[in-house]
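What follows is a pair of complexes built around chain A, which joins chain B in one and chain C in the other.
Let's turn to the complex of A and B:
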């Protein structure tokens, strides 16, 4: 049992990261019924912008850059956690404005548009930062390892899991306990009624897309010190995000969270006990679930089950 | 349709080009099968930089046999199926008579199959599975990088004697990982050590914590990895995070320069390479300057082993054509099979030679570790040993490699 415990703990922390990556993706699919294939690229962009801001050459006027660099890394990192998602959200805003012409039409148009956006963002990343790898500097307080149960553990891993859990909690509060959340849910349920009630649906969609983009960017910043920063890191994120929301049930908040944890546990345990199955295990889990429950664990009734 | 268009094109012109061909100055066209995306996308482009430099150098001197050398390149996406498709297209539709490039051994093997079918010479620049010059060898293919067995032979015995006998293997779950780990296992057992576990890591794994926990629980003396490309970069970051880079001892079979550049802080353990830009040998500094001039504003400021292998293989190929006095494939193959390059010309410590039985370049194998006292920000390696080619050679390869007789190789001419 003691041998198993570290792997369960590792699976849960990994699962929280998967859930964090999927959260913004889930919100956009839930309200807008659009699969945002640019989610991974926005995730990568978040990591790059954060790296640029915390790195030795921030893109600021000389005097301001000098003043910024005199701040301790901890302060710069904390500020970057807020600033970088805001910067990336401008790109999300641009994508949503382009997407407006696709609403109410075949979902394939939106899919193709976001796919194109993903390619453009990735190529822009290559153009600006090149193909080399980068490291996101993090404050020493959340770096390094500690001993627990005879094993060394990564401090950052627990910090990342904690941040992921915190953000998941905040998103839940926003969706469940605020009028904005109520409007979002109503919009997802019946957009015509929401419009009839005088709510500006265009603005609502823009806000949700921007919010989803910010979540993608934050996930990128949190995961970057673990995966590293490279142009195609977005592909590594969008696949598990897609898998988690299908597994959890499209549009379901708790479905995404539970599915993220399940996928994390699955990958973690398979990595320990049947290592060559670790990545495959999440796909097997998906096939097993959707075979018996096509809507996913907490999804609405699917047309496949009609 | 393509052949119709092609035929029409050669009849109705571009006349200038056709006119030049009539005078025997048709370019020798090379197909560069370099990855630009996927696990080895970075390395594939570094390979390309070295290959292109060798081509440009030769063209600047008037070409080969009085003919210019042209090339075409396409992204093989670090995927065997794409590699195979690109090779087929280069040969059948682009009239390439020689193929060059590859990092991933699965991709290299796929290209080899296509090249062998048509008799087209294939220079495998950078893939290092021992099987490339063993069971997957070919009369048309030459392997230029050191392979997993070379690096194991250079490192394992010493590590068993000085560090410990209990070893764990961490293996990328594809042909290079498997064959490299098998070579390491054989070396460990021959030296009196024991493999206590072998963890297979699927390609594109980004989270290694489960494996690292397993390693911590098993407490081996040494962990030998055969993890490549983006996967080793992620592994290195996570080992550094967990502070596992001291104990156990790590032997990372090979570190390609593009995998190291950009994340030097996570460099750990002992690892192999075929070349380093700070080697104190004649010609190295000049080569570095020349490479930098040819690759201004590139993503990497100095040539590494990948670019070096790309350059050397292409340079030797073009020399072989010149010396054969012909672009006939079999004549070139025979020339390369007899290749011997002096240490000075190779910018290595020992003379190198092409093994005619396996088509593996036998060369100096270097072991390195992270440089604690770098002379500048590119000085990431400390070279700790150099092994001569004969001592590092894979003794089992000749028994596994069966080359097709010359007369059964389809004739190709440029």
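Let's turn to the complex of A and C:
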């Protein structure tokens, strides 16, 4: 039992990260009933932008760059955690503006549009940064490892898991406990009534999409030091994201969180005993669950099935 | 011609005029393809991918089922062809049959799980199964060669008993693939326009209505998926011959996305021949734009976005609209000249 503990802990950390990756994806699916296949590319873009900002050559005018570089890494990292998602959210905004033409049509069109967007973003990343791998610098305070019960643990993983849990909590508060969240949920439930109440639904949808994009970018920055930064990371992220959503059930917040943890545990444990097949385990988990529960663990009926 | 292809008199035919013209044009390709700066191998690739895209469109266009992991069956066909040739028997017909049968069986297996699902859940499940097969192909080093792929596949001679054709030359192989393509298109055309195809199309319009009419929707959905997988696998077998190898690459999510793109850009939703147009455009664009810039996918991606936004019915749809517009204009012109004759005839 005791040798299982590290793997369980590892799986839980991984699970929180999966839940974080899926969070923005889930918001857009749950509140707009749109599948954003560009989620992974926005995730990757967040990591690349953050890498560029914290790296030795920030894209700034010479004087400003000098002043920026004199700041300690910890400050730069903290600032980047806010600035990079804002920059990436502009791309998300562009996608949402294009996507407006597909609202009210078959959800397949939104899915295909975002597939195209994902491809374009990925090619742009290749064009700007090439195909080589990059490393995101993190402050020394969260770098390194420590000894705990005969094992060396990575500090960063714990930091990442903590941040993920924090962001998940904040998003839950935002959706469930604020009037903004209530309006957004009402808009998803009955757009006619919300419009009749004089609420600008297009702006609301833009906000939701931008917020989802920012979450994708943040997830990218948090996960980058663990996975590394490379053009392929977008696909590596979007697949677990959709898996977590389907497993948890479309439209269920806690479903997605639980599913994220479940996938993390599954991959973590499979990785410990059959590392070659750890990726396969999550698909098998999905097929097993969806075969018996058509809408995932806590899914609701939605237009996405039509 | 695209309008003609949809007319009811053609639907009953085994070979339509469009088909004949297409085959004849394709038969002349090796005579001029090198003169326009391309190469015979591109022609082979276009034919194989066209067959694959037509099979895929059986599911997407005819049945309206969003299958986003279809590369798996193409890849399984390629591996089945290779493994049959290397380990069982080096006979072209048996190997091609193995490609279709194994991919078809994989299709049946997946169809058992997904045919109760609809919409996005269906799409997600096909992606999940596509990923399972892709992971299996990459991780089963001993059987599939892992990332390196299955090498040393040969182009077996096409043995007809009395005569046997050597297919190692690209032009000879092109004509072989063209013959297969011709048979394949005729069969698929008949299938789509058969009573079976009409029921499948009815399911696309409304599953509920089809079920109320007494059709076993599940069985039709499962069978059309398995059929499509089998033909995709057959095309995959040809592809293994063309490449002289089988790689896991074609099974990835990206490549599965490409066949969706080709089909939609061409106009698979509105036209039987749409996927062929899309494949031709995609592969020539890859070679022509790809020779000029490294980022050709960027431009193709932008084109794809524009098509989804402004012409969801694809190039075939735009063409048929243009043809209809043209004939409408011609009609108007004729009408106005007739008016002129009537009114100004005396002068």
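Methods note: the second predicted complex is superposed on the first by the 299 of 306 C-alpha atoms of A that agree within 3 Å, B and C clash if a C-alpha of one lies under 4 Å from a C-alpha of the other, contacts with A are read in each partner's own complex, and residues count from 1 in each chain.
Operating definition for what follows: contacts are C-beta pairs under 8 Å (C-beta built on N, C-alpha and C of every residue); 3 or more make two chains touch, one makes a residue touch a chain.
Computed from a prediction, not measured in an experiment: that's the story for all the values here.
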item: Superposition on chain A - do chain B and chain C clash or fit; value: clash
item: Which superposed partner A:51 touches (first chain B, second chain C, both, neither); value: neither
item: First, second, both or neither for A:217, with chain B first and chain C second; value: neither
item: Contacts of A:275 with chain B and chain C, given as first, second, both or neither; value: first
item: Touching partner for A:131 - first (chain B), second (chain C), both, neither; value: first
item: Contacts of A:91 with chain B and chain C, given as first, second, both or neither; value: neither
item: Contacts of A:283 with chain B and chain C, given as first, second, both or neither; value: second
item: Where chain A meets both chain C and chain B, residue numbers; value: 276, 279-280
item: Parts of chain C lying in touch with chain A, wherever the complex brings them together; value: 66, 113, 116-121, 123-125, 127-129, 131-132, 135-136, 139, 253-254, 257, 260-261, 264, 294-295, 297-298, 300-302, 304-305, 308-309, 312
item: Chain A to chain C touching residues, read off their complex; value: 35, 98, 101-102, 105, 107-109, 111-113, 115-117, 119-120, 123-124, 126-127, 235, 239, 242-243, 246, 250, 276-277, 279-280, 283-284, 286-287, 290-291, 294-295, 304-306
item: Chain B residues within the chain A interface of the complex; value: 37-38, 41-42, 45, 173, 199-202, 204-211, 213-214, 216-217, 230, 233-234, 237-238, 241-244, 258, 261-263, 265-266, 299-300
item: Touching residues on chain A, where the partner in the complex is chain B; value: 3, 6-7, 10-11, 14, 130-135, 143-145, 151-154, 156-157, 225-228, 230, 232, 236, 267-272, 275-276, 278-280
